[in-house]
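The same chain A turns up in both complexes below, where it pairs with chain B and then with chain C.
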Partner chain A sequence: MNGLTSKQLIGFSIFLLAIFVGVPMAISATGRWDFYFTLTSVALLAIASAGVWLTFYIGRINIGQGAFALIGAYVSAILVAKAGISFWISLPVAGIFAALVSVLIGLPILRLRGVYFAMITLVLTQVVTLTALALPITNGAKGITSIPLPGGISLFGLQILPPFDSMADTKLAFYILACILMVLTYLALWRLVHSRLGHICRSMQQNEELASSIGINIAYIRIIIFAISSFFGGIGGALFGSISQSVYPSSFQVQDSVNFMLNCFLGGLGYVFGPMLGTLTLYFGWDLLFTLGKYQLLVYSVLLILVIRFLPNGLLSLRLGNIGKGGGK
Partner chain B sequence: MSALLQVRGVTKKFGGLTAVNDVSFDVAENEILSVIGPNGAGKSTLFKLISSFLRTTSGEVLFQGKRISDLKPHVVARRGVVRTFQETTIFKSMTVRESVIVAQHLRAKASLAGYFLGTATARADIEAFGRYADELLEFMGLDGIANELASNLPQGHLRALGIAIGLATDPKVLLLDEPFAGMNPEETMRTVNLVRSVRDARGVTILLVEHDMPAVMNISDRIVVLNFGEKIAEGTPSEIQNNEKVIEAYLGSADDEVGI
Partner chain C sequence: MLTPRAPRPGNGKLAGTSMEQVLANGIYLGAQYAMIALGLTLIFALMNVLNFAHGQMYVIGGFVTYTIYGQLGLPYIVALLASCVTLAVLGALIERFLFAPVIKGSSREESTMLLAAGIAFLLDALILLIFGEKQRGVPKIVNGVLNWDFRVIMPYDRILICALAILSIIAFISFMHYSKTGRALRALAQDRTAAQLMGVDVDRYSTIGFALGAMLAGLVGGLLVTITGVNLGMGGPTSVKAFMMVMIGGAGVISGAIAGGFILGFMEAIGLAVLSQYGDITYLVIFVSLMIFLAIRPQGLMGKPWG
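For the complex of A and B:
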């Protein structure tokens, strides 16, 4: 139930090698330094998408992750830029704050199912954007800019990590940071799905009434899951703010929330690592279609519909054995 | 002897329709009590009221002397009153064994975080869940299909799985809504014996709703009869069989599957 098979371990090791060694080597060989920013974005968007995938896991379509990413981005930005607090503290605080907000929002709306829940989450991003425009602390439309780069970390006077602005290659540092957080996120997600909580989530996804008849407090589990989901959103958003060194009310929009959801569909709802692949595909797919000019959106939408129609379990259903399958034991 | 479960003047209205009207009866510990009545009489509604899946309009249900009406269903389950469903309600994409493992939620000693971290308590739980699942599946005669996906099971096995899921919670009272529906006489006979042994071997008090009269007469210690939401009779199988009101209710409803 808990251990990885040797095949999974090998796959995981190859993946780690690829992102931490392969990608940096390829980039320095080709001189395409801009790819660091692209891949860092993919990693942090994949963190937020992991949360959306988790709400799918209890049978809820979440089109509101942009709201929690935006909240996380603002919390971190305000703490770092205005209060002078270390980014490393602001990061978990941003996640926890987003989670707390999601508990307040989730209490009334998580009872809803299907389209009703989806529709309500769809307006959340807009609500947070409008709130950011209205509040003094978020600087309205001007947003928060010139956010200092993450400082160093020292423990007992010993420097473990130098400040980002003293580093030769900030882009690489952010890339590594985003990848580490992404790997931790997906390991946590994998573990959760294969622990009892995951088993309970599956029971609720399949039949909430039956789940409550066997003594499961379904309202509580829904809140916990939504909070974890939003925590991931907050972390992704905080990371985004730090990398771009600015946050605006439009940093995350409804379109982003929709994309987070599509990432999950595309990668595969049945696979823990689905949203990661989905994010990568969607991000690059959109860019590749750029050459089509005004037909970009049309072709993109048609392709998405085709994938969702003919691969209901996402791209990962095409592949490779059983790595990270969400369902199993 | 004081009753384990007391239903007191329970009423449920859906808008203008009174589905259950001022129904009262007691259930003794270790009893098998059947609730019968024509279609739409309010039997399932009564079960949902007892297990708190529905709120009562008035009246109350007491379990071990304490009110359980209008609590959340999972709280009532935790107290030991657990229902199964009339519609075959299962976890479709789980195997039989997985279903019975997840249903042991109330037996868990570790916290959810404990399972995530893999603490010793959690690991002990997981082992105990597995062992008890195997024991239950053998008891229910489902051990041969433990690793089948629930959605692939035939009707008879589905009913047995529904009961096994209920049993896995370690209930004190189990409410079975039409456990013999869709079974042939042979399967029914086997399930009747099974339900009886659930009571005898596990000390579970059983309430059941059934349309299969021979099975009801065979299995029940006592019977409560509902018609249009009202209790029209209560007594032993032989008392019920000879009750004027009951015969009239059934003849009136022209329900030919009922063989009184």
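For the complex of A and C:
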């Protein structure tokens, strides 16, 4: 990876060490095993949020990621539970299927801009929920339950990964899996932003007509970016279905789509790692406030509003200097 | 943070499937929807803010009417006025202390969307704490059912609410056209800078406009609580429907919002009558038609290109 300074490399290594060694050690020391579920959720929601961030990168506010996450979750669930296909095959298939759907839907709606695009993607989430309720293959409101845990992987008779149900600690396994996927997602995102495509996206974010006038095929780029974004959404959703071992039409709703968008905005739209931080803050904050009982939502929303009121450009805008501005770590 | 699936406003049991019945249902649904969309589009036109909290404002309006008419037993009209005043004050406060400073301080105007979502959460939390999460209903304001030869069957209270909604829409349009405030608001919507140069107090009229938009949401809430009742989970789905209507008509255009409201109302009434045998697919069909429509005309029926 070109352009990676030693400072960034050190930061990245510390980050990897923290999530793969630090967190499991801290959890086994404190005995808060429930944090595994929280952090796994953060990791997979961060994958989906990365997609939303990417669509923002071409100047579109995407409030429809819940739709693609739900599609991904259902594709994986149907493949694993009904067709008996390995989870490891269903995961990329779910992502690709979500991407294909997004191309079909994106062709007409990506012509819209600003609030029009935001509104129609919001409606899209509602429609996918309704579709899941109406179609026979998705089992309607009952959803798909008791999805088997991921099986093992063996290559040429050599077992690389044991089946999840034979493992002593499934929570840890899912945590590691979600974190690996999250790291891969953000590496891909980082690479994309620093590639030629990333520069084209930035030019489209600023002015589409101008970008088009210098010979950029904006319609094509828009579809590609939207498809990649939905691919992330599908992967995140498929993983979610596998962890909770069930998918319902209510697994991802309008509320969740809005949350994905909030994650990106809160972390800061100018930073690749913004959505990850935003997801961590919002989801962890929500979880920590659980002890407040019925005042949970009140305190949460007040804090959210205060952050927006006083840090309108995202949490990462707090950092002094502009190390890696527009690129993250 | 999953909210329970809520019954959608306005599609309770509508009897009969004759053509006259479907048309009557369409007018009834359309009048309500148009009012919800009007408030949303007004706020959008004035401040370029997509008000996610619109559905929640509608729910608060319903709960205020429920408290005053259903619990305290005061006359319905008092309750309706109280809903309007509560929401107008709430809207003015939200604009003055939250939206105005954020619009001034943020480098991206999309931050307002985040703020609006935050306010939607806050209002949900307040509704939960003050009114609880139970479904609430009020006693009927008029009894009896209009039965025209079994072709149109419509309870009198629905007819009354529909008439009140249409009257309010007419009153709102006249207000926007003939009063000084209305003219200032229209000028603001057309061109903010030009309005300011002509001596319109932009900050003051933004607050008034937001209060007016919120008030409309409260009014619809107060009207509809007599028919569908009200519960916490109604807010989100109502906002989604309002977005659809605004997209059909064109964002920020008042006539567009009314057209969008009636079109969605009629589509829903027709869909429920014709498609009910295939299951709950009315909204699926509506959405697909909306996508095709927007592919041909992205700015909606009457909107400016790129709003």
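Assume the second predicted complex is superposed on the first by the 300 of 329 C-alpha atoms of A that agree within 3 Å, B and C clash if a C-alpha of one lies under 4 Å from a C-alpha of the other, contacts with A are read in each partner's own complex, and residues count from 1 in each chain.
Going forward, a residue touches a chain if its C-beta (ideal position, glycine included) is under 8 Å from a C-beta of that chain, and two chains touch if they have at least 3 such contacts.
Values in this document were obtained by computation on a predicted structure and should not be read as measured data.
Q: Taking the superposition as given, does A:L112 touch the first partner, chain B, the second, chain C, both, or neither?
A: After superposing on A, A:L112 lies in contact with chain C but is clear of chain B.
Q: Tell me which partner A:S250 touches in the superposition: chain B (first), chain C (second), both or neither.
A: Second partner only.
Q: Examine A:L192 and indicate which partner it touches, taking first as chain B and second as chain C; both and neither are also allowed.
A: first
Q: First (chain B), second (chain C), both or neither: which does A:L16 touch?
A: neither
Q: With both complexes superposed on chain A, which partner does A:L266 reach: first (chain B), second (chain C), both or neither?
A: Only chain C is touched by A:L266; chain B is not.
Q: Would you sort A:V302 into first (chain B), second (chain C), both or neither based on which partner it touches?
A: In the superposed model, A:V302 contacts chain C only, not chain B.
Q: Identify which of chain B and chain C touches the larger number of residues of chain A.
A: Comparing chain B with chain C, the partner touching more chain A residues is C.
Q: For A:I218 in the superposed arrangement: first (chain B), second (chain C), both or neither?
A: First partner only.
Q: Which chain A residues contact chain B in one complex and chain C in the other?
A: none
Q: Taking the touch rule as given, give the residues of chain C at its contact with chain A in the complex, in rising order.
A: Interface residues on the chain C side: 1-3, 5, 44, 48, 50, 52, 98, 101-102, 105-108, 110-111, 113-115, 117-122, 124-126, 128-129, 236-237, 240, 243-244, 246-247, 251, 279-281, 283-284, 287, 290-292, 294-295, 298-300, 306-307.
Q: Taking the touch rule as given, give the residues of chain A at its contact with chain C in the complex, in rising order.
A: It is residues 61, 105, 107-109, 111-116, 118-120, 122-124, 126-127, 130-131, 133-134, 250, 253-256, 258-259, 261-262, 265-266, 269, 286, 294-295, 297-298, 300-302, 304-305, 308-309, 312-313 of chain A that touch chain C.
Q: Which bits of chain B are touching chain A when the two form their complex?
A: Touching chain A: residues 51, 53, 72-74, 77-78, 82-85, 89-94, 98, 101-103, 105-106, 108, 110, 112, 115-116, 118, 122, 125-126, 165-166, 168-169 of chain B.
Q: Flag every residue of chain A that touches chain B in the complex, lowest number first.
A: It is residues 1-2, 191-192, 195-197, 199-200, 202-203, 206-207, 209-210, 212-219, 224, 327, 329 of chain A that touch chain B.
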